[in-house]
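I have a structure I would like to understand better, so I am pasting it below and will then ask my questions one at a time.
Labels for the chains are A, B, C and D, by order of writing; each one numbers its residues from 1.
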Amino acid sequence: MTEKIKEGDDVLFFLDNRRSYLIRVERDKIIHTHKGFIKINDVIGKEFGVHIKSSMGVDFVALKPSIKDYIFKVSRKTQIIYPKDIALIILFGNIKPGSLIVEAGTGAGALTIALANYVKPSGRVYSYEIRSEFLEIARKNLERAEVLEYVELKNKDITQGIDEENVDVIVLDMATPWLVVPHAYKALKGSGSFISFSPTIDQVVKTVEELKTEGFVNIEAIECLIRRMHVEKGKTRPETLMTGHTGYMVFARKSLKT
Amino acid sequence: MTEKIKEGDDVLFFLDNRRSYLIRVERDKIIHTHKGFIKINDVIGKEFGVHIKSSMGVDFVALKPSIKDYIFKVSRKTQIIYPKDIALIILFGNIKPGSLIVEAGTGAGALTIALANYVKPSGRVYSYEIRSEFLEIARKNLERAEVLEYVELKNKDITQGIDEENVDVIVLDMATPWLVVPHAYKALKGSGSFISFSPTIDQVVKTVEELKTEGFVNIEAIECLIRRMHVEKGKTRPETLMTGHTGYMVFARKSLKT
Amino acid sequence: MTEKIKEGDDVLFFLDNRRSYLIRVERDKIIHTHKGFIKINDVIGKEFGVHIKSSMGVDFVALKPSIKDYIFKVSRKTQIIYPKDIALIILFGNIKPGSLIVEAGTGAGALTIALANYVKPSGRVYSYEIRSEFLEIARKNLERAEVLEYVELKNKDITQGIDEENVDVIVLDMATPWLVVPHAYKALKGSGSFISFSPTIDQVVKTVEELKTEGFVNIEAIECLIRRMHVEKGKTRPETLMTGHTGYMVFARKSLKT
Amino acid sequence: MTEKIKEGDDVLFFLDNRRSYLIRVERDKIIHTHKGFIKINDVIGKEFGVHIKSSMGVDFVALKPSIKDYIFKVSRKTQIIYPKDIALIILFGNIKPGSLIVEAGTGAGALTIALANYVKPSGRVYSYEIRSEFLEIARKNLERAEVLEYVELKNKDITQGIDEENVDVIVLDMATPWLVVPHAYKALKGSGSFISFSPTIDQVVKTVEELKTEGFVNIEAIECLIRRMHVEKGKTRPETLMTGHTGYMVFARKSLKT
């Protein structure tokens, strides 16, 4: 059965690969873009994927937002972590439906949205953040992405300890992940996954040294580079501009102390 | 509650980042490694993450296998697609709990295992494969990874057509993805995701040209490079050897014909 | 003996890694920058490397321009080829003092400056360009970089043939290098080097296929990626922005027909 | 005039891009390869680039060795520095005919061969090495590459000081480049180039911090990645294996103290 666009839905008005607008559908709403305005009423009742013309006659497509669209929307404001890195965190961190996850810091919730999407319906994300103003932003973003029910937001300093036990995965996107390693060891199940994301090499070195000391195994530090291709018959080539670095990811698994 | 290793479980006997053994637990089983043998009875009833010595006194850790461990185990035999690429396919392809997915070709099931893990419990993967001998291998691998119930294996040529309708995502890892584009367009929901993975540039060009013709939007062709770091205080550096190329990924979304 | 700055010299007024000004020294000249103006008289008679303050009190260093500075100065206007690629062309192409080189097209002379610098004093560069307006720009740039005497600029279409014989190296930076391959074969010494630089994959494929047909050996197609590091104690990391692609280089050597 | 192969010449017997043999031509010499033997007499008097069959009927091409061939030949034994990095050191370091260069350590002379080739005929390389056994190897390699006359080999510890003055360029490929920075500052001309090559990030950080302290400007730390392409009509793709890291290069220029 095809899915019709209705009030309360989010729609991504797609112009091209660089420009799109994530909009909540409300009757009589008008969207202003630099390519003219769009009347929301024109898409209500239509199927997702429908083309629509702006007042300037420019073509938009009304797409159903993906997880990545929500991540980008949230990231644009705080720019902490990228979809490419989140993708690796999910799979390499063994995050899956039913997982019990501790995350810090929440930030605007970009990573939290992805984690929540992949642990549902039976899993749960406990997300620590010391800056209370961010928790409010994150709550709104999680609500919009329809995953708030799978998340518990905690206004706490994770370097002081972790409340949860028998956790499957711990994911850190914060300035001093090495301070959390002993708490993470305690909170994790045997064989559970530790993941940290850090922009600088020094953070990676400190975290890995601490993981070795605590008895983690299978410690791996990687970074991920995405190369975009310009594809056009007879003119195909990698794109000129490239993101050279976002951050390193450290993965490890808890082994039991002997 | 901690998880004890019991008969019928899979255990990953981890030696180091390059060497580990994925083993089904059976009473009285003996595992032979080039570092001596391991008696399975020694880990039964222990918690995952426990250390165990081989007959040569070498230390192994009995980890609970992750999705990535299953993918690697399966990939080792056919070497089609890598965890890094699967990770991006999952997130960038908007694959999530509940998704209805069509995949081709099944191969040994490496990608299928990951897809099934992320659509469960309510989603489903329809996986097409023309080579029946591969379907048998895939069935065993899916069973072992405990996701067979979310998959329907089909001994059919997907270039001849797709049986399913209103599909959320179509994922192709096969030699001629461009031949499937018109069928994919028909089978997908409006706004649904098309993904193909191909080693050569020519495959990418043909597929992208066909996607443009059929009315897909948000077409992106990327490749993913992973760089591993050797992390050691005072000696940190990227690793010398690197996988230079596995394949390109093409992502697109269906827009409705006007 | 230290080198003093004198009239007629070029000076690179260096502000930071992104901003510098290549200036011909003339008495009483004033340089206007967005960081205030600089009086040239202040550096005349001083040693290269001297610090000088602009009218706004901003610190500049009066460096002696390097080959790379001249290349960048020239490239800024036409953006054809990058120093990183030129560096590989020089060494991998076996260009050295005394080499006899044929080049096309000249463009603004960025690559020609480098080639001339490395063949001097006894070598020579024959540089073909069909667009006469570019030859005038190139002549000025070569004169300024003090290498014009090692270059012969030719207003000719190299796809129609090469006048020179027993050439050591042929370097092509033009849209259709494959059309020059048969002429290059004829003009080169046995064992001589063929090099082409092309942005697109299709150009590379056509050129390599033609090289195979003509009897070239040791054919290699590569691209070069430069990663810049932000180096600061405790904050070291690769830079965020990166040039993702400039072009591919094809190298080959002439074997004799049997 | 074509160049004939004669006794005393070096010839590179080229089999394919991975296998070739650098041989000194002597009458009646026989070369044993895993593809059969080659009689040197068969190429004497022939032009470089000639094809020759081994005793097993396998085709070899008798190429004139390039600078890169000599570097590879030398590097194979000690594996210190790669042609790609040497290429950037030459151009980005502003090394050119006539330059006065100080280098350390000599090692087997791979980098020294390249430096000498590019400063000749009027320039000179002073090369420091504390391990006298390496100096003997380097001397032989430089002699073979016909550049010994442009090099002065010095059995000295460069961390104790540099004898030369008004040097154009200092190039360091050694474990502790930061210890040489103050000596390098003293030995260099104003505006002269400092270059160091180091495998680890810690070496880079220490060297850059020292360069900042000493008053160097235009400090840049980069690394160079080469990607090889498999080029074949309809099957073109980047090669699977890639060298992920050799080392970082640091470039800087001396500014005068104020």
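We adopt the following convention: contacts are C-beta pairs under 8 Å (C-beta built on N, C-alpha and C of every residue); 3 or more make two chains touch, one makes a residue touch a chain.
Predicted model only: the values in this text are computed from it and were never measured.
Rounded to whole angstrom units, the spacing between the C-alpha centres of subunit B and subunit C is 46.
Subunit B and subunit D have centres, each the mean of its CA atoms, that are 44 Å apart.
Between subunit A and subunit B, the centres computed from C-alpha atoms are 21 Å apart. Contact with two or more other chains is made by residues 201, 223, 227-228, 236 of subunit B. Arrangement of the chains shown, judged by which pairs touch: one closed cycle in which each chain has exactly two touching partners. Shown are all chain pairs that touch, namely A-B, A-C, B-D, C-D. Those residues of subunit D lying in contact with subunit B across their complex are 199-202, 223, 227-228, 234-247. By the touch rule above, subunit C contacts subunit D in their complex via residues 1-3, 14, 17, 47-51, 61-64, 66-68, 83-84, 86-88, 90-92, 94, 96-97, 114, 117-118, 120-122, 166, 189-193, 201, 204-205, 208-209, 217-229, 231-233, 236, 248, 253-256, 258.
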